[in-house]
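Dumping the structure here so I can ask a few things about it.
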Amino acid sequence: MADNILELSDVCADIDQYHILHGVDLALPRGELTVLLGRNGAGKSTTLRTIMGLTKVTRGELRFQGQSIRGVPTPAIARRGIAFVPEHMGIFSLLSVRENMVLAAIGGAMDEARLDWIFNLFPPLKRFWDKPAGTLSGGQKQMLAIARAVIEPRELLLVDEPTKGLAPAIINDLADAFEELKAQRVAILLVEQNFNFSRRLGQSVAVMSDGRIVHRGRMADLAEDEALQRELLGLGLGAHQ
Amino acid sequence: MSAAPTSSSQAAAPRTGLLARLRALPEERPHVFLLAVVAIVPIFLMPWSTWLVLTLSGLAMGAMVFLMASGMSLTFGLMSVLNLAHGAFISVGAFAGASMLVYALSGYAQSPSLAANLVAIVPAFLAAAAVAALLGVVFERLVIRPVYGDHLKQILVTVGGSIVIFELIEVIWGHHDIPVPRPEALRGALVIGGIAIEKYRLLAVVLGLALYAGLLWVIERTRLGILIRAGVESREMVEIHGYRIGLLFLAVFAGGCALAGLGGAMWGLYREMITTHMGDELMISVIVVIILGGLGSIRGCFYGAMLVGLVNLYVGFLEPRLAAVATVGLMVAVLMWRPQGLIPVIKV
Amino acid sequence: MLDAILSGDRPRSRVLGVLLALIFVCLAAGPFLFSGTRAFAMLGTICIFIIVVAAYDLMLGYTHIVSFAHTMFFGIGAYGVAMAIAAWGNGFGAIAAGVGIALVLSMVLALLLGLLSLRVKAIFFALVTLAVAFAFLSLVNQLYHVTGGEDGLRVQVPRVLGPAYRLVEGGVPGFGLDVFFANLGAGLGEAARQAAFELRLNGRVLMYYVAFGTALLVFLFLLRLVNSPFGKVLQAIRENEFRAQALGYRTVLYRTAVVILAAVLATLAGALFALFNRYVNPENTLNFELMVFILLMCVIGGMGTLYGAVLGVAAFLVAQNYLQDLLRVLAARMPDAGWAAELVAPERWLLWFGLLFVLSVYFFPAGIVGQLRARARARHDGD
Amino acid sequence: MSVQAAAPVLETRELTIRFGGHVAVDSVSCAFHAGTLTAIVGPNGAGKTTWFNLISGQLRASAGKVLLRGEDITGLGPAARADKGLGRAFQLTNLFPNLSVQENVRLAVASRHRIGHVFWQTAARRRDIAEAATGYLAQVNLAGRADAAVASLSHGDQRKLEVALMLALEPEVFMFDEPTAGMSVDEVPVILELIAEIKRRQDKVVLLVEHKMDVVRSLADRIVVLHNGQLVADGEPALVIASPIVQEAYLGATPAAA
Amino acid sequence: AEPFRVAHVTDLSGALAAYAQQLATGMDMGFEYATQGKMEVAGRKIELIRKDSQGDPARARALVEEAYAEDDAHIVVGPVASGVALATLPIAEEYERVIMPEGVADAITGASWNRYVVRVGRNSSQDAVSNAVALGKPGVCVATIAQDYAFGRDGVAAYKQAMTPTGGQVVHEEYLPTDATDFTAAAERLFGSLRERSDCAEGKYIFAIWAGSVNPLARIQDLQPQRFGIKLAAGGNILPVLASYADLEGMEGAGFYYFESPANPINDWMVREHFARFKAAPDFFTAQGFSQALAIVAALEKSGGKSDADDLLEAFHGLTFETPKGTMQIRPEDGQALQSMYHFRIKREERDNWFADRKGPVGVPEMVREIKFDEMDIPVRNKKG
């Protein structure tokens, strides 16, 4: 058990009266980066939200570090060590960049070294430190969202499409950052459409369709297997990246 | 992406000349500018000793209005809850405070000694704040909680809730007016150079300023302030960061109600007579104040209250009939000039 | 046929359909079905407020413009007629002039408010209208020479609309449902005998039907409006004004048009109210409380449905008029004085009213109409 | 790049906007001709979206002009500009969340037919509008979800609807702001094909903000580079991409893998 | 015989609920006293129906109409809010039945009067005239402060009119919005109008005509008018307001009723019973309600039990009857009951018997003298023209 930080077994979840997840089975190895793939509407984002306790779980079990987190309120889940970057980023647009970061550092003061590391990664954050976050550009908001998630050390990072809207140079830097986090034995669950990016980072991979996991395996195997890609995702992943 | 072009507030003008600074005032510090204009123009319309009395009284009245408005501004600015039951909480505070003074501590309140008066007043104000806060906790749980994020429903349930609170006041305290004699030390006026200033108004000014400073500090300087401001935008994101937003909002709401209660106790002692619906008396002024200042800005609320206090007195002297219309007119004029109020906070 | 009249906007719930039909019958045959004066007054008020609330729903439910100045327009209509009659006598010419002046004033004010709504945003606008309406109220109170101040104005209606005028000599038979049900205990036959009454077709009944007819026409007109392309644009503005603009709709024009239309209808309703009620004062036409009641009627009925206006008005006014009687019955059953008795004392009716107020917002989050439709849909899906 | 004889359809002249002290778009002059697809690239925060906002009227310029077919439209609001043929799809999804997918598109079609003021006729009677709307949905692969409420669509599906709305307006100038961001790999070609199709019609102007360089390479006739609000490069794709400023400031030290 | 039906339609809830409660209590006790608890007079049972108009004129109209049309009431008593009462008057005319409004507005027996109106309570002219009589003499200067609506303006007009014959003069009139709460500006002007005058040897007064609970006098007193030799004056008021007069020791005026002022057996009975039943003193409106009941009983006795509107009106007009306030007389011209008023001077005292639930310093209106109704010339204002 010790090597899986998070385990989902047969998780079903509803949004309002709609059944969105129909039995998700997923295990995240500690310190590895797992990529979650799937078409639009497959339920990837919902899976992440379910882990955070943001949707109604109707069946199944979720275990984080061996303990059940089903029914645990979101703040408590977060404090157990899971950080989450939602797909709409969830920037507090009225707060300044600094205040956004202050909030993210639940431990109290921000660690200077870590902050420097972040500034290095995303220079615009330093530049707009005291500006209202709402006036940042789309990509800058994405940077801030990621920065908030990593300002403190966490056990598990859930990231929903981080490269969306980022310029290529930044994407490269971001990949480096994730590499570093991996090196610190942080487990990461990454939803990503940019296959180049996820292939570079991913160790294991899961593919979703229609609210279920339809494939699990090593990233390397999927990356080789053009036919499997076609079957699972409708298209070779090499195209258009 | 927001399309509203935001005006420059940080566009620091490097010029330092006094004239240049004055010229930049309307844009950079509209609240100071407006307050100055409103206070200076009437000098030419009345004897200057009258002007002095009215100005001092007006500022003191503004302080009293601020005591009442700050709570509403707080709940609105921080939680985006439009609490139209605020007036009911003002009444509750007035009744709770008065009960302390009239029933429990009447001996101290009536004694001619200042110390004894303080023994009565401080607990009375605390009781007013505490009772209102407690009621606020209940109110938040039962009435407000289901309608976070929906202004329209907030308006409805809080108006409904205020009807209930007013009725409960009558059930508990009976439906007659209750006289609340002011403690000896706060009666009468200080006469300085032929100008009389009521002592009670001085107390209002002191309390108002203290509260203003305290609130500013909490909201702008503390993590609590940041957190609450964040919560207005997205409760979900605050929870994702690991904070229990529910508790936080409960506390803020109770705080807002406590301020209303305190304001009510002050107001009750000012009128020396408390009536069930007295809390609604100033609601329009309160609403004008929080719009004028820019919804949710404590600083704006303070300046707005001062403006309303002054305008009320000046116009009350020049043409009493127009006093009510004048403050509303001032508000509309300010909004035409600055659509978000003097110090905008929330972009709604 | 019915579809054409209703502009294709069917009730979409059987219960709702039945309720609406019931209300329609009660209103259409009202004077013949209820014998008491209070019931008569209530039915007339329901007709008039259907106009007010439906017009308000056009703004609130369909366009998301929250205005607290709706009563101001209602009051302008009412005072327009009342003051015209006071000044120029009780002829129809005076009434027409009063309504005309009121309409012009309303339109101008609505235009100004519409322009203001451009400048400031949603909740600001709501609070500003609140303050403006308050200033207007205070003005009416201050100008008591012409408005009667807090004491209000008596409206001397033309003879044709008053109680003295008879459409036909003698009475026509009516059957008082209220009396019938009240006396059911005495047996069916007896109750029926008690319930039969003679209705005098006087000018007040005529006035009632004027109000009823106007309400019906206005309602059908609004129903058509909201289901037209124009109505769809309004909904788009409600959902996302920014995007509606980007699609090429000049939302300013639409918003202003809606504000003006709602104001005009409210003014019209105000005029009817003055003529029906024959008395006008700030409390009845301009108060903030009245404004909140209108808002509540709109919300309990179901915002953005128009049918909600009908249900909301009916439910609200019935509760307001008969809650106290209900409490009296309850209080009579209470054993003795004490807390419980104090709480159900008839004077405490506002307490229960307030509670109902709050609860109705919770239990009908989507309004009665929304709730009924959701149920119907759920049943439909279940099949 | 061949010299175009015809007058430009859209032109910005020294267009500038300041936010406080920050100049987000700095005196940008550029002209666009019918039948061309221009890609606009630049680092995050370069001012691309802001430039779009200035063109389509969401923001008012501090200085400079926007010309459409030679006519100065700088003073017009967004609605008037949309009416004149400027179509815009937003970077951050911006739809009518509680209306159905089909109603969303119908609104766009109705706007083009200019029937928004009609209040005497029920909308349901305009079958033509509904049919047209369904047609556009089919183009973006959303016909199956026509009756779903927009709020319940997944992110990618909302992006597609965003594109459908612009198609339905049938504008002369198409402005795409990262249309494929967040779209799954099998959907991307559909949207790209749509854009290519518009370009092939030869009478439209297409502006495309896009960070995916292979997309840019395969579609663009011309690339404009913004950096810190300024137009720093403009020209044929191959040349621009090879330019040092793009290589350094935009693509990072190592060029993105193809 | 058929019972005699009295409908008491008044504002039992709403802003004036406290007054209405007193009126209801007074009416009940009055009938009890007048009929020795039998509720029967001239061979007819008296039936009392009570309805709550909620302070809402429209509702009051519907209820009054209901009382006449459905309950077949012979007389409607109420409502107490003047505006609400005014709204109901035309209905009495339509139904040709008697109405006994409880409001004080002059308009009730003035502009809005109709022949079915009978009023036992005081009108504002009586308030004003009695105060003028109490205060006025040559060398007295008065500046008035009143609410800016019909009640205040009429009151000041009547006050001025009554002041002239006494030799006193009204030198300034100050009108404020009804809901005013800050009186600094008004005080500035009032002081200004009196301060410099030299023709006021017998005293400078500020006289307030104010309805509602926020009383300007205490606020003006705070600003120390004695600095300029100015004294305050005001009419009587309900006990809770008198309690706040504790600081206005020495203030003079005239009032409608204070339970220790009249000396007669009826008042003795009422005060005694009221203390016994409610552990509190009867107030203004208790006395008024009590008197209303006595008037109805007296009229029925006079008409020999006949209850047609015309019979009743005939009985009421010119009726002289005894009340807790002594003898009253209803004058035929406008149906207004003429009655004594009480000239008082405020004295600060500790009292524990005024209210059931609290005690404290109050301003007791000690009677200076009773002003009999024939000393006051109350204008008749219902001449239509």
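Just so it is clear, A, B, C, D and E label the chains in written order, and each chain counts residues from 1 on its own.
The rule is simple: a contact is a pair of C-beta atoms (placed from the backbone, for glycine too) under 8 Å apart; a residue touches a chain by one contact, two chains touch by 3 or more.
Bear in mind that the values here come from a model prediction, so they are computed numbers and not experimental data.
Note on connectivity: the fewest chain-to-chain touch steps from chain D to chain E number 2. Among the other chains, E has the CA centre that is most remote from the centre of chain D. Greatest Cα centroid separation from chain C: this falls to A.
Distance between chain centres (mean CA atoms), chain A to chain D: 29 Å. Here the spacing of chain A and chain E, counted between their Cα centres, is 77 Å. Centre-to-centre, using mean CA coordinates, chain B is 48 Å away from chain D. Distance between chain centres (mean CA atoms), chain C to chain E: 37 Å.
Each of residues 19, 49, 58, 90-92 in chain D touches at least two other chains.
Counting partner chains per residue, chain C has residues 138, 142, 242, 348, 350 touching two or more of them. In chain E, the residues that reach two or more other chains under the touch definition are 17, 148, 177. On the chain A side of its complex with chain B, the touching residues are 52, 54, 73-76, 78-79, 84, 86, 90, 92-95, 99-100, 102-104, 106, 134-135, 138, 148.
The touching residues of chain C, counted against chain D in their complex, run 7-8, 224-225, 227-233, 235-236, 239-240, 242-251, 254.
Those residues of chain D whose C-beta lies close enough to touch chain C in the complex are 56, 58, 77-80, 82-83, 88, 90, 94-99, 103, 106-108, 110-112, 115-124, 126, 165, 169. Per the touch definition, chain B reaches chain E in the complex via residues 50, 53-54, 57-58, 61, 102-103, 106, 110, 170, 174-179, 181, 187-189, 191, 196, 198, 200, 271-273, 275, 277, 281-282, 312-314, 316-317, 320-321, 323-324.
Residues 12-13, 17, 52, 55-58, 61-63, 65-66, 69-70, 82-83, 86-87, 90, 94, 105, 107, 112, 148-150, 177-178 of chain E are the ones that touch chain C when the two sit in their complex.
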